[in-house]
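Each chain carries a letter (A, B, C and D) given by its place in the written order, and its residues are counted from 1.
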Amino acid sequence: MSFTVPDLALVIRDISEEMALRPDRGAVADYIPELARIDPNQFGMAVIDAEGRVFAGGDSETPFSIQSVSKVFTLTLALGMVGDRLWKRVGREPSGNPFNSIVQLERERGVPRNPFINAGAIAVTDVILSGHAPREALGEILRFLQFLAQDSSITIDETVAASEKRTGFRNTALANYMKSFGVIDNPVDFTLGVYFHHCAIAMNCRQLAMAGRFLAHNGINPSTGHSVVSAERARRINAIMLTCGHYDGSGEFAYRVGLPGKSGVGGSILAIAPGKASIAVWSPGLDAAGNSHLGRIALERLTQRMGWSVFGA
Amino acid sequence: MSFTVPDLALVIRDISEEMALRPDRGAVADYIPELARIDPNQFGMAVIDAEGRVFAGGDSETPFSIQSVSKVFTLTLALGMVGDRLWKRVGREPSGNPFNSIVQLERERGVPRNPFINAGAIAVTDVILSGHAPREALGEILRFLQFLAQDSSITIDETVAASEKRTGFRNTALANYMKSFGVIDNPVDFTLGVYFHHCAIAMNCRQLAMAGRFLAHNGINPSTGHSVVSAERARRINAIMLTCGHYDGSGEFAYRVGLPGKSGVGGSILAIAPGKASIAVWSPGLDAAGNSHLGRIALERLTQRMGWSVFGA
Amino acid sequence: MSFTVPDLALVIRDISEEMALRPDRGAVADYIPELARIDPNQFGMAVIDAEGRVFAGGDSETPFSIQSVSKVFTLTLALGMVGDRLWKRVGREPSGNPFNSIVQLERERGVPRNPFINAGAIAVTDVILSGHAPREALGEILRFLQFLAQDSSITIDETVAASEKRTGFRNTALANYMKSFGVIDNPVDFTLGVYFHHCAIAMNCRQLAMAGRFLAHNGINPSTGHSVVSAERARRINAIMLTCGHYDGSGEFAYRVGLPGKSGVGGSILAIAPGKASIAVWSPGLDAAGNSHLGRIALERLTQRMGWSVFGA
Amino acid sequence: MSFTVPDLALVIRDISEEMALRPDRGAVADYIPELARIDPNQFGMAVIDAEGRVFAGGDSETPFSIQSVSKVFTLTLALGMVGDRLWKRVGREPSGNPFNSIVQLERERGVPRNPFINAGAIAVTDVILSGHAPREALGEILRFLQFLAQDSSITIDETVAASEKRTGFRNTALANYMKSFGVIDNPVDFTLGVYFHHCAIAMNCRQLAMAGRFLAHNGINPSTGHSVVSAERARRINAIMLTCGHYDGSGEFAYRVGLPGKSGVGGSILAIAPGKASIAVWSPGLDAAGNSHLGRIALERLTQRMGWSVFGA
């Protein structure tokens, strides 16, 4: 590999400049009123390499709602709490198209296909909640993210959480549907309360890339030396990110970017280059599959120029 | 990485011994009469590293029907013929459904989800066939495999092909269904004839691992120096293998093995460790998702001990 | 037609005796705890002919929870309030799916297939509720039934209503799902509150047969001379009962009984012999499609012996 | 009933005149080339009352392809051959939407929902074919129709049959799909050959109404006194026509017309007024559900004015 550190800085500068200028920006998520108000003319990215150096571009310090990217961290927490018993509640296969996500929920008796579709993440949240008050469970999730990012300033955007709660009819339907099959243990309102709030955690690109570092480095956060999960578990979470992290655009993301990644409708993507870097990009406009339009393009540029695809240099 | 060449030989010996002894062997595919007769007490594997050294264990010289593993090579051929226009005929998202499902075809107006489910591979075969006689198209596919494996002794098992043709009602249904949407150009019988025959190509583990080398090495077969596809295309084929290569067990394979791979109901799996090795395993017994039971376990052992998972050491 | 009044009395006596003795009684609905406690060894029926004579047998005076039979009356009320505009909210085609399926709702963007599956009845309840407090809407439904049955003693079983509310996760899922498509106007809790309560109305066979008389006689209750709906509307409600009144057993009911009918999981069926009679049967044990097992058999006997099938004498 | 014979003649004249003038004529089926060429400006109807009087209007003597209306007669024949054992091969529930027709074929392991959707009619044809040469089976079907209509001039339009065969990819898919589940006994080509040919039988309105008389009169053809089926079987066939006879427009047809009926994509509908009349209408333009647009409207007029709905006068 002939790339060196200056290359990465240069690559990020090039990408940030291209993204700032592109006219195609996708469409901001409109189903949560608070998200619909975000200015689509924003783009930020941050890359943290194995040595812990931070390379950033664009609006990398602007906080955004991490939304479904939180699912990576709740999965990690839940696996830490119940281990492989988690897989009785949720599968780990791609869901196919959005239609199938609910066909299969019916066919598979309330067990969601994977922890990264909404139904699956609600089931995972229910596991974290078990035996706790919603506020405690939520505190635990938030503290886990603060710990991973080494940044206690990370908070929940209560306005976004309230907005989701007010309009989250589909998630309420999914949770009640799973409850009817006995897949949800806690009162539906409790589980959804925690779910809506952890989706509303606000972070910036630098913080998010920092929080993802353990996945790039065999389960260990190299900055602190803390072992977050075992090397095997880190690999497995990465595998689920690659096969399921972008809803019905997961195949496309693997095809074009070639990294494990998880997107959120707030427009951010956390991507992992195993052994090399933790990467966060953010641009609010989404493509047809609900993933950040410019975020995906930026990651495609990055892996091409750095040779970081897991599928070959 | 502290593993050295002797390690690999040792690892393969250990795995081969374990696989020979395990009582759980899966169930031999019974829907094709010819395959149902295969003795399940067989296991073979072959690994070819970047230097071209072949490490083999068990029944690595016994030929088997490659079945759906042929789809990797027909995809490669079709992309060489029509390039990205291929993606108008077939998608590249995981199907989230049993491999022979006709439901998603209806919803998506005859366009199969990816080239590795049966419908998708039939559509790819139809592209290869276009403008040729079936015999010519089939000859081209066979010669391509002989060229990749550097072995002109590879042939088609006509008995298996005839057996599939006689019993292939579901594939006939899929092909006619796609034809009703205009996704198949040629007469259905022609396309299916070529399809049934390329699934009936017989190879052994060593030959199959040889044929897959270009995917492990940026599109180039290191033995011959031949550039088969561009580096980008090799990465992309690997990406599709990882997300779609094991039907509705693709997530599970990524989770446990962590390599791009393609399985066939004959019991073989071709797996790619980018930059490191091309791997073929074979054991006829299948798991519930239709993938080689021992083959998957052997690959899980191999990647764990060699640190070859694309998702982290 | 050579049957005379004594024949009907005799037929009902015969049927009641057979039903009391049969060992096959179906299975009492267990998903609502209050219904699960009902003794399955009960059977009642009541037939009211065109002259208003009441012929009854078995436990015809024992009250039961009318459950989904209430959907006939809420449909009638809602059509009276908004006329054919109702059909923007709900279709009138058989669902071809188990009664609680959420799949078709997704495909048809939240518009239920017909007013007799749960989703459709919830949408109809939402129309009745519009612009009223839940208590008022519920009062209107109850008074409508009291008026039709000419019996002000009919009440709601609050224990059953509370039991349904506590366990009605699937209905809560359906309502929230429709709400996400904008098909439900009122707060989901309000609509479901009214729905759970009108399903919990308790009536006996005689009362229920009385309430259905307007459907047998061109929209007019012959006892009172009140015109409840137009003759055309009565026919059309009968048509929907015949094609959709027994969930995924509607074809079977038409095939065996040959009358418009609506069943409820409490074990009752209201059936209409146009021009001839209004019929209510009740026996708590259900068949696999969720319809009263003995109730259906009793109606089959009745139509055969009386020659009342709408499909020929 | 105050209507008299002169009324019926008048009603048919009025309807025929209205239909000739209406600008909305639906769209001629285009998926079979031969049918696509038919002039949509045609309308015919014939009604045969209990006394055997024929009342006709419009193009009642013009032959058309009966298409799926033939399914009523193949169902009758197959029931005569194997009785209730037929119901192991095919169900008798409405199919829900067209999408479901194939979803459910998969879910229900190749057993079609009812004998009036294509898959079901192919399964019924396979039963008739069993143990015979295709030509013999087809001869039997044709002779049965000639016998019912008392008209040996009825023939098969070979051009239409050939056209269907050439373009019938979807039916070929369905037949192969069922064959893969073991629901089809004979070679698929044989079964489909018979199916395509009986769909291509050509009749005019008068002949078709004549052929349907046994269904209106308890299984007996009153002209000849021949008992075709038992009274019970006639009722049951009528029941299936009412719940399943118009694909995903069956509920709509019951709601508006209120008679058992079966439509074909050639634009004809056979409708039965039990005890009163056998009715055939024909107009080639179809509505969105694939049923004759003017045919349905004509029948709605007829039942309204004659008071013939089975759901009330």
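Here is the rule we use: a residue touches a chain if its C-beta (ideal position, glycine included) is under 8 Å from a C-beta of that chain, and two chains touch if they have at least 3 such contacts.
Predicted model only: the values in this text are computed from it and were never measured.
With chains reduced to the mean position of their C-alpha atoms, the one farthest from subunit B is C. Because subunit A and subunit C carry the same sequence, their contact can be compared by residue number, and over half of the numbers here are used by both. As a whole-number value, the distance joining the C-alpha centres of subunit A and subunit D reads 55 Å. Mean C-alpha positions place subunit B and subunit D at a centre distance of 48 Å. In subunit A, 99 are the positions where the chain touches two or more neighbouring chains simultaneously.
Because contacts link each chain to exactly two others and close back on themselves, their graph is best described as a ring.
Here the touching chains pair up as A-B, A-C, B-D, C-D.
Looking at the complex, you find that subunit D touches subunit B at residues 99, 102-103, 106, 169-170, 172-177, 179-180, 188. By the touch criterion stated above, subunit D contacts subunit C in their complex at residues 91-97, 99-100, 104, 113-114, 215-218, 231-232, 234-236, 238-240, 242-244, 248-252, 254-255, 258, 260, 274-275, 304, 309-313.
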